[in-house]
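Note that chain A is present in both complexes that follow, paired respectively with chain B and with chain C.
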Partner chain A sequence: MKLLTLNFLTCARKTCKSAPSSFPLHPREAELEVVQADVNLAFLKNILPRLMWGELRTITGELGLPTLPDTAPERSALFTAAAAVSETTTPGVDPEAIDAPEHPAPVEEPEETPTQTAIDLHRILLETCIKEGKLVCGNCGHEYAVKEGVANFLLPGHLV
Partner chain B sequence: MLPTPSTSHVCFDRVYEPAEDSFLLLDTLSTSSEIAFLHNRFAQANSKQSTPPLILEVGVGSGVVLAFVAGNTSRIFGRNDILTLGTDINRFACQAASETVRKAIKDHDPSLFLDVVNADLASTIRANSVDVFIFNPPYVPAELPDLSRHDSFNVLSVGQKSTSFEQDSYLLELSYAGGEDGMAVTNRMLEQLPYILNPERGVAYLLLCAQNKPEEVKQRIRDWGTGWVAETVGVSGKKAGWEKLHIVRIWRNSMA
Partner chain C sequence: MSRPEDTLPPDLFYNDTESRKYTTSSRIQKIQSDMTHRALALLQLRSPSLILDVGCGSGLSGEILSNDAEEGTPGGPHVWIGFDISASMLGVALEKEVEGDLFLADAGQGVPFRPGTFDAAISISAVQWLCNAETSEESPAGRLSRFFNGLYASLRRGGRAVCQFYPKNDLQKKMVSSAAVKAGFGAGLLEDDMGTKNAKTYLVLTVGGGEMDGDITGVVRGMDGVDVHDDRRRIKNRKGEDKKGSKAWIMRKKEQMESKGKVVKTNSKYTGRKRRIAF
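What follows is the complex of A and B.
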């Protein structure tokens, strides 16, 4: 189960819906795996406003992953626009310099290269998966099991 | 015709096999009128820098519908940064459907598949988060299976190599039996729908059969309050003037 999925889930119990602490669900005793996926830069740029960054930061902290910055990266920090057709950005070159006036930025769909910030974000959101473990509600304490990557949110009859 | 996903890896002894209802959803989502509606709402060209839409399918079964959407995002929505998420009460379906969606994305459009979670309807989905909702429910008027056995039937028990006949029958019953008027499961889902749907751009596609009394269901949805719209946008199996299967599109007209 991908970490980005947790951005859209809460505790399944009706009585928890109105409690702010039912989101996000907290991973416990999680075994992680990295599943490689292609970087979709357009997606990364557009998803930023939909990310609950503080909650994501909590989750990655609980998983023992490297600490995320306090605030989400800026859209502009995710890519560098490559100047000419075959020119690739040399590492260490100031991205600002590439956007210099002699290389006017293309209006539509410029050749863009994801920055390390984008690649790191991609790794966290879409490549880091919970294989085994539990997801715990911060309000009622109910534990949902994740087995072989599939999370089980079915509640026993008396909790529905 | 847009490509239909491959489900050759799915074991149909315990997961719903794509049928007329599934294909009616695929056909409806690829009609020019639905494509125009969805482009107007979601296409990048129409809404620069709008956030990636989240597509939720409840009751994915084999995953054929969700995979169809995930593999044809540029044709259907006019963009590829689409997120897909599924749920099913049947754990075997969750696993099968994930595979179906992954394959479709690899072979066709590179959209973004999240997961299929084992859940009751959309009970675990955050409020206001769903942009496109899809549900082909268990709609047959038939007694609901006894859910008290669900936990033991939903997994292979230790040492068990394959599912038992009884287990398979139970899991398939879950895929079609809809209780009174075939509406018991759908009614529960309709209760959750306004809560999970994005108030501005959310839209739902729901399959109903004639026995579900689609006209009454649509009227009930319109009665949810101002702005709510429910219209039939696809039909199949005309029998003596009775459209057997209907796809109802449910959305809110903005108060502009």
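What follows is the complex of A and C.
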């Protein structure tokens, strides 16, 4: 299971729905695996505002991964736009304003290169996977087993 | 033709042998691919999105989401998360090394994600299975309601879902779409090749708010062979208006009774059978 998924998955029990501690699920005895994937910059830009950064930090901490920065990166820190934009941006011009037009064209976006920040984020969210172990609900303590990267969220009838 | 749904629960029907047979059939590959493309056309995604695939099976539907626009996936490549009730199907997906993230879960138990997780969701040829409850404690209506309530909450405002499914009959079609409407979705049914043995039913669902056009009639109107059933007008009446004793009021009461489980199967052949969980 990718850490991306873990940043959205909650305990499946109905009684845990409204309990804040049912998210995030906490990995235990986790064996990690890195599965390579192509960097998808447009996806990273899309998902960034939806991440719960504090919880991502908690999880990476629990997994013994390098500590993440206190706050999520800015969207503008994920890419350098086109060759035309040099390292030093023109003073007084907000790079966000250039890079995020109000009505983005459907396809033809200017060539953008992912920064190291984007590549690191990609590595954490989309390439770092829990291969074996379990995920534990902080509210009810239920343990979801993970085998071959697949978590078992089937609840026994009495827990549904 | 017999319906597999009427023979066994899904996790037993899709065992190792059947899962392999299903996935390697070039006829099935083609049909699932065509239907996934149809669903994608209805989702109208413009950029790489986070998509849920409900009943993803061995990944025949999901793997198309990972393609880019040039390969025929609008807005792609998308990132997807899929779940399925059959460990064997997921096993085949693992062997194929699909790019989506997979987990084992029963849609009839809900959708375990925090609110507003997904830009969109698809479900290809799976939802009809929810109409067969496997134990006496569960009713199809209850399972459908848990599924659609969970799906609704897991989508972003302005998000969409497309569920292609094989309704057994009109009653089942209605039971499924009304469960979606009750969960809060704007819903429309799109039927391809209506009246033929290749008929395909797509339930197109929208979540109000956000920048996307939340009006379902706008989504499917004007497409070939589209039959729009907008259930929302009737639902709106629900909120009050109807005079007690009027025909509309009686109809509403009747529907409420129906939704309270009049279609509940009291028992089934599979009651008490051990479920296979271990991989």
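One rule holds in what follows: the second predicted complex is superposed on the first by the 134 of 160 C-alpha atoms of A that agree within 3 Å, B and C clash if a C-alpha of one lies under 4 Å from a C-alpha of the other, contacts with A are read in each partner's own complex, and residues count from 1 in each chain.
Following the convention adopted for this analysis, contacts are C-beta pairs under 8 Å (C-beta built on N, C-alpha and C of every residue); 3 or more make two chains touch, one makes a residue touch a chain.
Just so we're clear, the structure is a prediction, and the values are computed from it rather than from any experiment.
**Student:** Should chain B and chain C be called a clash or a fit once both complexes are overlaid on chain A?
**Tutor:** clash
**Student:** Identify the partner contact of A:L154: answer first if only chain B is touched, second if only chain C is, both if each is, neither if none is.
**Tutor:** The answer is both, since A:L154 touches chain B and chain C.
**Student:** Using the superposition on chain A described above, determine whether A:R28 touches chain B (first), chain C (second), both, or neither.
**Tutor:** Neither partner.
**Student:** After the superposition on A, what does A:L126 contact: first (chain B), second (chain C), both or neither?
**Tutor:** In the superposition, A:L126 touches chain B and chain C alike.
**Student:** Identify the partner contact of A:T5: answer first if only chain B is touched, second if only chain C is, both if each is, neither if none is.
**Tutor:** both
**Student:** On the A-aligned overlay, A:P49 touches which partner chain: chain B = first, chain C = second, or both, or neither?
**Tutor:** Touch status of A:P49: first partner only.
**Student:** Show me the chain A residues, by the header's touch rule, that chain B contacts in one structure and chain C contacts in the other.
**Tutor:** In the superposed arrangement, which is not itself an observed complex, chain A uses residues 1-2, 4-5, 8-12, 14, 23, 38, 40, 42-43, 46-47, 50, 126, 148-155, 157, 160 for both chain B and chain C.
**Student:** Note which residues of chain C are touching chain A in the complex, please.
**Tutor:** Going through chain C, the ones touching chain A are 46-50, 69, 77-79, 81, 83, 85, 87, 90, 94, 99, 101-106, 109-110, 112-114, 116-117, 119, 135, 137-138, 156, 275, 277, 279.
**Student:** What residues on chain B touch chain A, complex-wise?
**Tutor:** Against chain A, the touching part of chain B is residues 49-52, 54, 79-81, 83, 85, 87, 89, 91, 94-95, 98, 110, 112, 114-120, 123-127, 129, 147-148, 150-151, 154, 195.
**Student:** Within their complex, state which residues of chain A touch chain B.
**Tutor:** Per the touch definition, chain A meets chain B at residues 1-2, 4-5, 7-12, 14, 17, 23, 38, 40, 42-43, 46-47, 49-50, 126, 148-157, 160.
**Student:** In their shared complex, at which residues does chain A touch chain C?
**Tutor:** 1-2, 4-5, 8-12, 14, 23, 37-38, 40, 42-43, 46-47, 50, 52, 104, 106-107, 126, 129, 147-155, 157, 160
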